[in-house]
Each structure stands twice: as C-alpha cells, then as structure tokens.
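This structure is in structure tokens; I'll ask about it shortly.
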Amino acid sequence: MAKKEYAFYPGCSSQKGASASNYLVSVESMCQSLDIKMTQIPDWNCCGASVSYAEAGELPRHVMNARNFALSEQNLPERDIVATCAACWLGARESKERLEHSSVLMTDTNTALKEAGLNLKVIPEVRHMVEVLIEDLGYEELASHVKKPLEGMKIAGYVGCQTNRPFGILGESFENPMYLDKLIETVGAEATKYDQKVTCCGGALAFSEPEKAQAQIKDIIESAYDSGAEMLVTPCPLCQANTEVYQGQINKKYGTKFNMPVLYYSQLMVLAYGGSAKDAGLNGQVIRARTLEEFASK
Amino acid sequence: MSDMNQQMTAKYKNNFLKEIEEQAEMGDWVKMCMQCGVCSGSCPTNFHPGWDHPPQEIFMLIRAGKRDEVLNSQSMWMCTSCYNCYVRCPRKIPITHIMHGIAEYAYRIGRAPKNQPTLHLSQTFWNNCTKNGRVNEVQLTQTLYFKDGIADGIKKAMAMQAAALGLVKAGRLNPMEALGGGHKCKDIKGIHAMLAKAKELEAKRKGRTA
Amino acid sequence: MAEMKTAAYICKGCELGSRLDVASLVKIATKEGKMAIVREHDFLCSADGVALIRNDIDNEGVTHAAICACSRRAKTEAFNFPTVAMSRGNLREGVIWIRPDTDEARETTQEMADDYVRMACAEVKAMKVPEGNQNTGTTKTLLVVGGGMSGMTAAIESAKAGYKVVLIEKTGALGGMAAKLWKRIPNREPFKAPMDNGVADLVSQIEADANIKVYLNAVIAKTSGSPGRFAVDIAVESGPVVTEDIGAIIQASGFTPYDMAKLPNLGGGQANVVDQLGLEALARAANGGPIKRADGKEVKSVVFVQCAGQRDATKEHLEYCSGHCCATSVKQAMYFKDANPDVDTVVLYTDLRMPGNNEDFYRAAQNKGVIFSKGEVSNVAASGDGCTVKFKDLILNEETSAEADLVVLATGMVPTTGPDLDALSEANRAAESGGAEAKEQVVQMMSKSVLNLDYRQGPDVPQFKHGFNDSHFICFPYETRRTAIYAAGPVRRPMDIAQATEDATGAAMKAIQAMENAGLGKAAHPRSGDLSFPSVRLEGCTQCKRCTVECPFGAIDEDEKRFPLFNESRCRRCGTCMGACPVRVISFENYSVNTVGAQIKAVDIPDEFSEKPRVLVLACENDAYPALDMAGMNRNAYDPYVRIIPVRCLGSVNTIWITDALNSGYDGVMLMGCKHGDQYQCHFVKGSELGRYRMSKVYDTLKGMGLEEDRLMDLEVAITDVDTLPQKINDYAARIVEMGMSPFKGL
Amino acid sequence: MTSVVATNQSILVVGGGIAGMTAALEAAETGKQVVLVEKNPYLGGRTVQLYRYFPKMCHPSCGLEINLRRLKANPRIQVLTMAEVTGISGAKGNYSVNVKLAPRFVNENCTACGECNRVATTEVADAFNYNLGKVKAAYLPSDMAYPQRYVIDPSVIGSAEADTIKAACKYGAIDLDMKEETVTLNAGAIVWATGWQPYDAEKITPYRYGEFKNVITNVEFERLADPHGPTGGKILRPSDGKEAKNIAFIQCAGSRDENHLRHCSRFCCMASLKQTKYVQEAWGDEGKSTIYYIDIRAIDRFEDFYQEVKANPNVCFVKSKVARISEDKNGDPRLWGVNTEGYIRYAEPHDLVVLAVGMEPSVKGVDIPAEVMSDSSGFLMADPVNAGIFGAGCATNALDVNRAVQSATAAALRAVQVVNKVARAEA
C-alpha cells in the first residue's frame, strides 16, 4: 500500500514521444522514490488548454475537463486529481471553479456529458504535482530522500505563470514565489536570485506571435545568466519547451550565445535521489545538461 | 450574427456594453473597471513592443460605444494567459477571461481580424485536440507552419527545423504521428457527441444560431 | 487676599548643585530678591521637596513663590500650587543644560543663573493670583442659527446634554437644503444605495423636545453682550421682536448652490440643463418612478458634469472643490438606474472624489451600469430635443461628445456667512466721507449679516478662505475669532450631510463648554481655564482706540464716553491690548507691563568695560520657548549673555519693554515669535504680526537714541527649530560684539 | 500600585493620539472627570511622528504644545500611559473596565535629567522613528514626550546593565521590579480613539516593499524629512545613503483595492502632495517628484494646495496605478506601467519610491472587547440605539488630522450626554 494515492492526469504533452515525455519519465521515477502511487484516469482527454478559447467557446472547454472529472470520480473515487502540466492543472481548476459556481453551467455540462454516457456529481480536488510534494509531503520529507545533493550547482527557478497565477501555490506571493527555489535548495543546489522568475514565456503565442514570445524568453534567459545560473528549472511543459527550443532562433536574431539547459524540478529530484540520467529523462533535453549527465554518472 | 453586425451603437450609451455583457465570457465585469491601468502595465506582450488597445482602453472603448474598434482589434488576441492583469486588478476583474471572451465573440460574429495568427492557432489546436481527444503535436505543428501556403510554410519550417530536429532527436517529437499514428481517446464518438451538444447549448444560451 | 509673603526655593538636583554656586543664589534671593523665606533643596520636585513648599504655604502663610529649578514646562504636576502666585526660574533647561561644563564657562554660567533667580523673584512679587471674574453672565441657553441638517443636529445634541436651545430658521420650515433632497448619500454599511434624507426624523425629535424653542421665519436683528450673557433680538416675520438671553451661539446658516446662470458655456439657463438641486426636485416629483424633465418628457439619457464652475484655476468661478458633488452625482445617477436600468447615465469627471467608504458607493453605481469617464467638458449646447455635451475624453485622448435628454451640473456650495468684515470696514470708511451710493453699499452689505453682532469690529464672524468661517488651525477646527460663537456645517467648509452632522455635534460641544466656562470667568481656547483678565485704569486712558481696533477677538467695544469697554468673557487673554496700549493702563493680575518690566530691570547689567553684553530675549511661550527648552534637553549650547523671558504672545509685547531695556544698558533685544502672513501660526491670529509692526516703530526711537537698528532683532521661530535656534542666537550675539557695547550702560 | 479615581460619571478615553487628547480635553474643560489611556509611553500618537501638516506646512508639535499645556493645567484628567484596555463589562452609564499597565521601570521621581540614558549601552529599535534608527535602552521617546519621563526597554531588565542604569539615577526613579498590573475602573461613557495604522506594505507584493530597500512608506518618509528623524532631516535613501532627489510617490498603495483595503484612505493624496514640498525644500530645483495616481483627492478647500503643487515644474503627475517595481543594479527602483492618459508606456527608474500606504484601524471593531458596530474595514460605526461607547478620530473612518479632531470633539459631547444623564439621575 503506497503512502499516497492519486488520480493522475498527465496531459497530452507528457505522452510517449510528445514534447514533455521526459517530464513524465522523471515524475514516474520521482514518485517511486517517494512512494507515491499515481493511477492514470482511464481514457482521459485533452484539457483544451487556454488558447482554444476562440474556437471552443466556454461550455465545450468546461465539458472537456468535466469528462475527465467524471471519469476520475467513476473509476478512482475519493482521489484527488493530480496534473503535472501547469496548463492542464489551471484549465481543470478553472472549470471546477466555474462549474461549482454556476448551476446553469453545471446542468448544461451534465446534459452534454450524457451524450458520452457520463454524469458529474462531485468534482474531485484538482492539484498540481508541486502541491502534492509541498503540501502532502513537505520539504523535510522531500529532503530526507536526497542521497546525492546537487552541491555547487547554480540553478534559476523559473516559475512562470500558470502554477503561480491566478491560483498559485498556497502561501506564495504572485510576484516572488519561493517554492521552486526551496525545491532547488532541498536537492542541495543553489537557487540564484533574478527578477524574471515569473515573467511569461509567451505561452502558446510562441507559435502565433514568435517575435513577441521570443523577446520575452530572451529577457528570462538573459537575467538567468546574469544571476550566475547554469541552468533553468520549471514546473511547466510549455515554459520548458519555449525557453529551451527557441534559444537557437533567439541567438540568430539577437546575436546572443544562449545555450542554457532547461530542466524540470522532477528531473533534479530524481538525480538527487540517486537516479540515473535515464530515470531523469536527461536524454530528453534538446540542450544537453552536461553537468547533470556527469553528475548522474558519478 | 448579421443583425448584430448591423447594430448601431451610439457614443457613451449602454447598448454595446450590454451586448458585451450578454455575449462575452465574463463581459458583465467590464463596467466595474475603475480606470487605474494596472492591467495595461502588467501585460507582458504590451511591452514587446505593445499593441493597439491595452485592456483598460478596450473597456473604455466599450463604454464609449466604439463597437468596430473593439471587435476588429488585434488586442485581445495578444493575450498569453499569464494572468498578471487578473491578479493585480484592484477590482478583481477577471481580465484574462474577458479578453478571451471578447475575442471569441468577435470571431463568432465574423468580426475578428483577417489572418489573425492566434485565432488560427486556436482553431487548429481545438480541432486537433478534439479530433482524437488528445493533441497530435506533429500534425499541429504541420498545420500551423503550412497555414499560409507551401512557400511560406517552408520558410517557417526551415526556421523551426533546428528546433524540430532537436525535439525529434530528444524523442519529444514523433514523426510517426504525422502518419496518423499517435495517441487517441477510446471513446472518440462519445466525445464528439458531447462537444456537439455543448456547442448547441451554448449557442442557445447566448441567443446565437449555432 | 492675605498679606503678601514671599519665598524662593532653589533646587540642587539635576547637577544644579554641582554646576552652580547655590550659596550665591540663596544670597541673591535673600538680599536682592528680598524673599522672606529662601530655601534650598537637593531634589525639590520630590515628594519631600513639594511637601516643604506646601508646608510653607499652609503654615508660614507664603503667598508668592519663586521656584528656581527647571523650566516652567517641566515637573508641572509637582509644582502645582494654584492658591499662590508662582514664578519659575529656569536654571536647568535655561542655564546649565545650554552651557558647557568647563572652567571658562563657569563664571558666565553662574551670572546667568544669578540673573534668572533675580528675575524669578522680581516677577513673582509683581504677580497676583487671578481670582476670576464672578460677575460674568451665566446663561446656559444655546442659540442655533439655521434650521438645516447642521442646525437641527446641533440643537438636538445640545438638548440631549441637558441644555436649553433656541433655534431660529429664516424660512417657514425646518430642514434646509437636506429637505430638498429626494434621498441622501448613505452614511453606514453597506454604502450601496441612497437612503432617506432623515429630515423628518430630526424635525419630529425637535418638536418632541421641550428644551428646544423654535422660531420660524425669523432672523437676528441684533446680538449684543458676551458669552454667558448675550441678548439676542429675534425678528419674526409679521410679529414683535423677541429678545432671548443666550449663553453661546452656533452659526449653521448653510449654503446656496453656485448660480449656474454664471456657466452659460455649460448650458446654465438652458431648458434641459439642471443643477444638482434641480435634479433632486425632478426626483422628488417622480417619487421613485421614471424621472421626467420639466417639459414632462421621460429622461432616457443623462450626463452629469462634475466640477461645473468649481476647482477653477482661472478664479472666475469657485476655486475650491465642494467635496460632496461626486458622491451626489453617483447618488443621482442611481435615482435613474433604480427607476429604469435602461437609462443611459454618464458621469464626466476629472478626479472622482469619493473618500472613505464612498468607494463602495462608487462600486455599487458601476454595478448598476452607471458609466464613468474621465473627461473635461468644454461645452453643453441644446440639440434636437436634448443636449450635446462636448468634452475631451482624457483616457481615449480625443475630443468627443455625448447626446443626452438631460444634463446635470455639479455646481458646488457657496457659504452663507454674511458680509466680509474687511470689505465692510472698507465700505464704512468710504461711506463716512462718501455719498449716498457708498452709504447704500453699506446698507446692502449689512442686509446680508447673519448674526448682526453689536461688536465694534463688525456684525459677523471674520471669514477665512473663500468666504468660509473655517478655523485656520489644523489641530483646532473650532478655534474661531469670536469667543463662544461657532460655525457648523457648510458655512465652515464645504461638506456633505454626514460630515455636517459630525461637525454640528462638535460645535455644540464647544458652545456648551464656552457657556460653562464663561460663567466661571475662565478663558476659552487656547488659554483654556485662564482666570486672569485684563483690567484697565481708565483715568490714564487717552482713548487712542488701539486696543479696541487690535483685539483679535473683538472683545473690546467703546462705551458711550468712548472709553474701551472690556467684554471679559469674549477675551482670550492673549494680551494684545496690553501690548498695544501706549500709556500702559492695561494689565492682567499675573501678566502685566510690570511682571515683565520688573524682570528686565532685575537683570544685572555689567559695565561697558566688562565686555559682557546683555541681550534680552522675549520669546513666544508656545513655540519659541519650548524650542529653547528642547535645545537645552539636547544640550545645544548657546551664548551666555542672553536673558530669556517668555511672553504670552508677541502681540502682548509693549514697546516700553524694549526702550526701557535699551535705555538701561542692554546691548540688544531679540523677539521670537511665530510665522505670520497668510499661513500664520500665531494662535492669537495677528499677535506676532502686530508685535512686529509695533517694533518697526521702535526703530525710529533707536535712531533718536543714536543706536544701531541691529540692537533690535526680530526672529521668526518654529517650535522645531531646536538645533538652528541656538546658532541664530549665537550669530546675533556675535553681531552685538561687532557693534560693541551699548553706550547706555550705567547711566 | 497605580490608583485611579473614577466613577460612573467619569469618561474613559481610550487612545492618547490627537483625537483621544482632544476628546479628553474638551470633556474635562467642560467640567467632566476623564481617564485617558494610551498604549505608548507618551501622548500624541501618530501626529507627532509627522514632520509637517498639510495644508499649512506647520508643525504638529505646535498644536501638541498647546494641548499638553491644557492637559497640565487641568486636574480633571488622569493619564495612564503604556496602558491597554483588556476588558469592558457593564453598560452605558455604568461600565467597569480592565486596563493593563505595562511596566515603564521608571516612576514619577524621574526628572528627565538623562543620566540613565548616558550610562545605557544596549541599543534597541527606535519605534518613534518607525524603526529606521536605534535608541539606547533607557530613552525618552521624543523631546515632546509627555509624561516627560524616561522608559527602560524590557530587553535589558535582569541584566547587569539594568543595575548600572538604576545606579546612575540619583532620584530613585528607576524601579526594576515594576510588574505588569491590571487596574479596574468605572466609567459612565467610553470614547474609543485608538486611531489607525499604516497598511502593511509587504502585502502589496508587486511593489516589493521589505525586499527593495529603496521602496519605503509615506510614514517613514515623514521621519526622513524631519530634522529630528534618523537622518537629521536629510532625504537619503536607505540602501546606500545616496541623496534621493528623484522620488516617486505611488498613490493608493493598498487603498481602493479589493485585494487590500476596500476604502479610500482620504489623506494619502494630500500627504504625497505635501511630501513633494519636502523634496523641493530639501533639494530645490534639483529635487524631482513624480506622483502616480488614479484620482487626486484634494477634497474641498485643499484644492488650492493641489493647484499650487501642480504649478511646480519639478512635480509631475502620471495617471496610472503602477503595475510593478523592479530593481536596477545600482539599487534604483524601476517603475513599470502605463500612463492611462494617452497610453504611454513607462519603465522609469527613481532614486527612491514612497508608497502612499493607506489607513486601517489599529484596533478593528471585532477586536474591541465590547459590543460595538463596525464597517467592512473595521472602522467603528455610530450605534444608533443606546450606545455608551463612541468612536473618535481614525478609529471611525479614514480621516485627516482636522477631521479627526472634529470627530473627537463630537464624540466628547456624546460621552458628556451620557454622564450628564447619569448625574441628573443621581442628583
């Protein structure tokens, strides 16, 4: 019997071969070390993400999330839903809030769910992996599993938007949340101080407005470098992808020499817990994290 | 909706405000703006290099009854959903959602700017993720980069090649998905039926013909 | 009063004993001060020390005590002997704390201490214990002028405290402006909707209260007398003049809206343009239903123009903001929305001013769909069946316009305060020499009088800024220039009902207090409780009228023989009259030409070869003296040749003190008083200004004596000049040394 | 043991700021017995921590001097400092009140000679200067402090230093064995004048107060400008002592904001306008002030003051709620936002930022140990039925000094009404 059990909502990007597959890999081995049991919601579907607003409209987006709620409630009763993707978490939480707040929406939603043979009564708690780590386990517990502290490494915790606003992690400020820094310190590394910690990476606009998005990404990476960081760590797949994969283009456009690895907090933890480069999904880096690879091999 | 497109709006009268209240998600908050401008100063895209009408100005334009300027505006489409405006607003106005709401409404009645890239992204993303219940990232990127025809598409594709290739190497972009592989939900039928119903209900609630 | 018996007490605590030659002080008090009893004590403010003094008073019959210890501002609880005349020789803050503890300094420091003992003895001998005048009036009935919200509140609150009230209202009904309102701005949670104007409730309270006598259609024909014994003639329309005995007066004569006819560019005078009061009338007519214009058309769209003829930098219209108008327009916009949510209501403002919880009222209006726009209105013109409002939208940054069935102008308040006294005396002067027109002018102005005070200095309370009767003092909003007459409500400063209610209650407190104290012969603020009062030796009076003209509080009239007539309970004990009197016939028991003069004479003036100048400092007791005290507390050293005497106010400084001082060999005289001019800080209004004006006359005398102008120095001092004041003193002392010793020594 | 003489015809005034002092004095000068309770070791409250008043630019200590002289001359007022009301029982016309007295460790023998201060070595935070500086553990809170009596900081009690301090006093004024005590007293009516406190600026996270040294509050700025403040009146910025000549004022820092204070605090606009004059006074034309505002609320006759400041070319006004503050490498706070009049974006560096923080009641209605009515911000509201406890000054609303005194004078009458009624009943 595992210490903690949750209904897992990995989200599209975390699937095998998808842009955040390495996130999933690391999360799985992290949960193993922490004795957390994550059971995927059977046949879960996409959350719709923020950007679908125009085509989807209001109700269809909620209905997509409602389907996941219903499936979770049906197959994994009593369990909190845990998302690893910031956007999935936010989308789902918003739908939960809105549905619980408006009986009209709730009725309409159930009418629609009926078409898929589902019905929604109670909406489970929707939580982000980070919340589970901090609130259900706590920093001390997390630290207690560290076998190989990441000593001497300087890492910039890039919180970004969607784990931080509008809901955020309990007790954190929107402007200067500390939880990532604390996680970095928990695994024995040094969290550098820089002022782009919560700057937006451009989100989906990286596709539609690349110039704007990349300008923002540039600010983030630049100030991370200025703070002496050798890598970035995030809790969000889209932040990870945007800050990592566009560095090449930014270098071309601005003549910068960015080459900063961007990791997930879970990858750091796996390594600190003694996991291998593979367990941590380091092979999934577009910009290779050589220091960490060496660290893992030691 | 045609009749709404013809709708006359007088200056500093309530009718356009009312229209937004009824039609746009969270539109009934627009009247609560106290004109402090914290949203406009908080918007990240507004500084790189900035767009035509920051949120507060959109609200003021609505109150001033400037229907065309609002509905044709690029502004709402620049929202990255970073929620800075939302959390700083002294009136707790859900600005992010209102921006989405107004954009959605403009698009719905055919007033959105032509070739609005974010609108195109929105359409592509939604169709992509609802087709199989889950996102197919390769097809998503393909449609995006080829949206403006082959030539332009290639240019963009080239620009993205390094990145894309990197992702492929890193095992985070699976070329197989292009050939109809990739992840799917089992109950796709149910999902489609469900969404059709949802669309229908929403249209009815907002007095639109779906 | 018993035989005068004097005693001096010299404290040795706080290093006085070790820094000073106390034996010499004792000797001086005995030989030169001629004190019957002289005692020293190690710790005079201790229970034991106090008991020593108390015992002398009780058993030795001591009537006059010179306490030579610390400053008169320190240890007041210990040295509290109300039954005897008492002076304080300031040996601590005034001597050892402002002098270095060095051998070189010892001699001059001792001389300082010696002089302060001499001065304390001299002063106390010249003092009497004020007994307070018992024959002042004791009427405890309050007069309230004006039956609006402020007046009714003042009347009710005073009656609740057990006092009789006479309330006069010039119209035929109570309620004033508030009665014209359909509803009022909410004054308690939830601050979301307009509430009942509350007039009916107050009126019924007044009718039910036997302590309140109401005169309607009544005005004041004449107010004579003084606090505690006013006789007020009340002229009632079509009735005899009634005279009421009154103790104190509250003026709550209210306001009139600024005349919108003066604002033609904003549509003032047009058919579909009203001011806020006009809108209230329409709302009352609608009685909760849809609001209709004068022509009967239902209003479907309305624009509110804020600050109409207000906040006007060009000074053509009102320069001030009336405070309530933003909230009033919000309230009125709600009238429309509550009756019919589809009415378009737009408020055009430059700064929306809704302090405190009115922010919630603002939110509520927005929630009801009222549109607020930051805009500057340039023109309102009739167009079609309504108006076009041209304005600059400051947010959208463009010239634009809006159509409306009705436009409401927020025009602001004009106080009903009677004629401006300065203007009136101008007119009077003109009338004396001038013809019929000038005389008519005076009659015209007098007809506006509210109180018709039978005071030498004019029929009403002096006005402050923009014609309001406000106090000039931030810490003392009720500090008026006519004792026991208090302004309340919008005559005092622009305000809404909530504030007027609070204001009227406060004014009632002050009026009640003034009546109580008048009966006891006690002074009103700022020398509250002072029992001393000016007495005049008429046989010496030359009828020069300076005292009657210069009294800041209009306390002095002239009797039929044109002698000054002191109305004591109007007097605030500042001593301005005493300072003004060229023949020095005015004095207080404990503060007189003598009490100060004697101190000046008491100082030992070394001969001119000693190279030891003496500088007399006359310091305002409210600002300069505390500043000097605090300089001592901070051990900021200053020149040992100054001798400091606190005065009630520079206005009380009689030029004789200066000329005597210079004649008797002082090398210089410094006056320290507060700031004067528009932002004056003198709590006796013009004291420091008058003092300075008089001193300017002394310069001629100086010339006559062949003395340099710099022998007399006038310094503006703030209570915070703790660090800078010593430097200024030293600079002046240096200047004196430059000029050399006064030639008048030892003559 | 402190003894207090009070009956059900006495008026208890809680709070010795300008409102409390006013209420006490007005009642006492009308012949009533008054007990005045103040939690600080001195009277005067927040006004004495101001450098100047608007609109006259005069000094609060001037009015305080008059009020103290009124107080010293009036035997009807008993003052209890370092005292807090812990319980109220009974009803209108007959209250029984518990007052907790913290030990001052200095008795009435104190002559304020300062010997104890001279020998003290430990330094403690200077509360009077909003902790911007330090004072010796034996201190007189300010030159104007009344009672004019030193205070020993509890932190040194039991140390050898305490004995040294005691030994230095020739007058037996220092009593190290003083204990906290509670006295119970009677009162017919209570005036509650506990005043206000500046809103906690750290809660306004986009402005990073507490993190960025050069972001301070308006009350702290008063101390910086005051010659008796920690910098001797020089406007130097905290991070590096650099002369602060380009100063930003951010209005509505906490006020008019549903994330913080719902209400408008009324005084902050005028306070900032006033403080631009400090900048002008300190640096002449080199001093530049920028006010970032939503609405300038220079209400009623204060408009003149606003117009005067507006005419000063060294002061500029930006209609904008500042979105966030970042910090440049040289320590300059940089303000980000949009000037909403024409939508001009700015990212302006300044030497120093002053947050015009709002007012909240220092004791919220719910925390008063009695049945009282209060609004959503915790300010006291008048209880229309049968109240014997009356709010005065900033305990009732966000008020400037003038209005606070007005309110206190009104409260005094309401209290007088109650005790007069009691007197008539007993006569």
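Each chain carries a letter (A, B, C and D) given by its place in the written order, and its residues are counted from 1.
We take it that a residue touches a chain if its C-beta (ideal position, glycine included) is under 8 Å from a C-beta of that chain, and two chains touch if they have at least 3 such contacts.
Quick caveat: nothing in here was measured; it's all calculated off a predicted structure.
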By the contact definition above, name the pair with the higher C-beta contact count: B-C or A-B. A-B
Hey, how far is the Cα centre of chain B from the one of chain C, in Å? 64
Which whole number of Å gives the spacing of the CA centres of chain A and chain B? 22
Dist(centroid_CA(chain A), centroid_CA(chain D)) in Å evaluates to 47
What is the distance in Å between the mean C-alpha positions of chain A and chain C? 67
Chain C residues touching 2+ other chains are 374, 395
Listed in rising order, chain B residues that touch 2 or more other chains are 34-35, 56-57, 84, 88, 91
Going by the touch rule set out above, which residues of chain D reach two or more other chains? 206, 256, 319, 324, 340, 343
For each chain, which other chains does it touch, given as pairs? A-B, A-D, B-C, B-D, C-D
Residue ranges of chain B touching chain D (in the complex, touch as defined): 34-38, 40-42, 46-47, 50, 54, 56-57, 84, 88, 90-92
Chain A residues touching chain B - in the complex, by the definition given at the top: 12-13, 15-22, 43-46, 48-60, 62-64, 67, 104, 108-109, 111-118, 161-162, 165-166, 174, 199-200, 202-205, 207-209, 211-213, 215-216, 245-246, 248-249, 283-287
Over in the complex, which chain B residues touch chain A? Could you list them? 25, 44-45, 48, 77-78, 80-84, 86-88, 96, 100-101, 103-104, 107-108, 112, 117-123, 125-127, 129-130, 133-135, 137, 144, 159, 162-163, 166-167, 169-174, 176-177, 182-183, 185-187, 190-191, 193-199, 201-202, 205
Complex interface listing, chain C residues touching chain D: 13-15, 43, 45-46, 70, 74-77, 157, 160-162, 188-191, 311, 313, 319-323, 351-360, 374, 394-395, 397, 465-466, 468, 470, 472-478, 493-495, 499, 502-503, 505-510, 512-513, 516-517, 525-526, 528-529, 622-623, 626, 630, 633-634, 674-675, 679, 681, 683, 718-720, 722-723
Chain D - residues contacting chain B, complex: 206, 252, 256-260, 294, 319-324, 336-340, 343, 345, 347
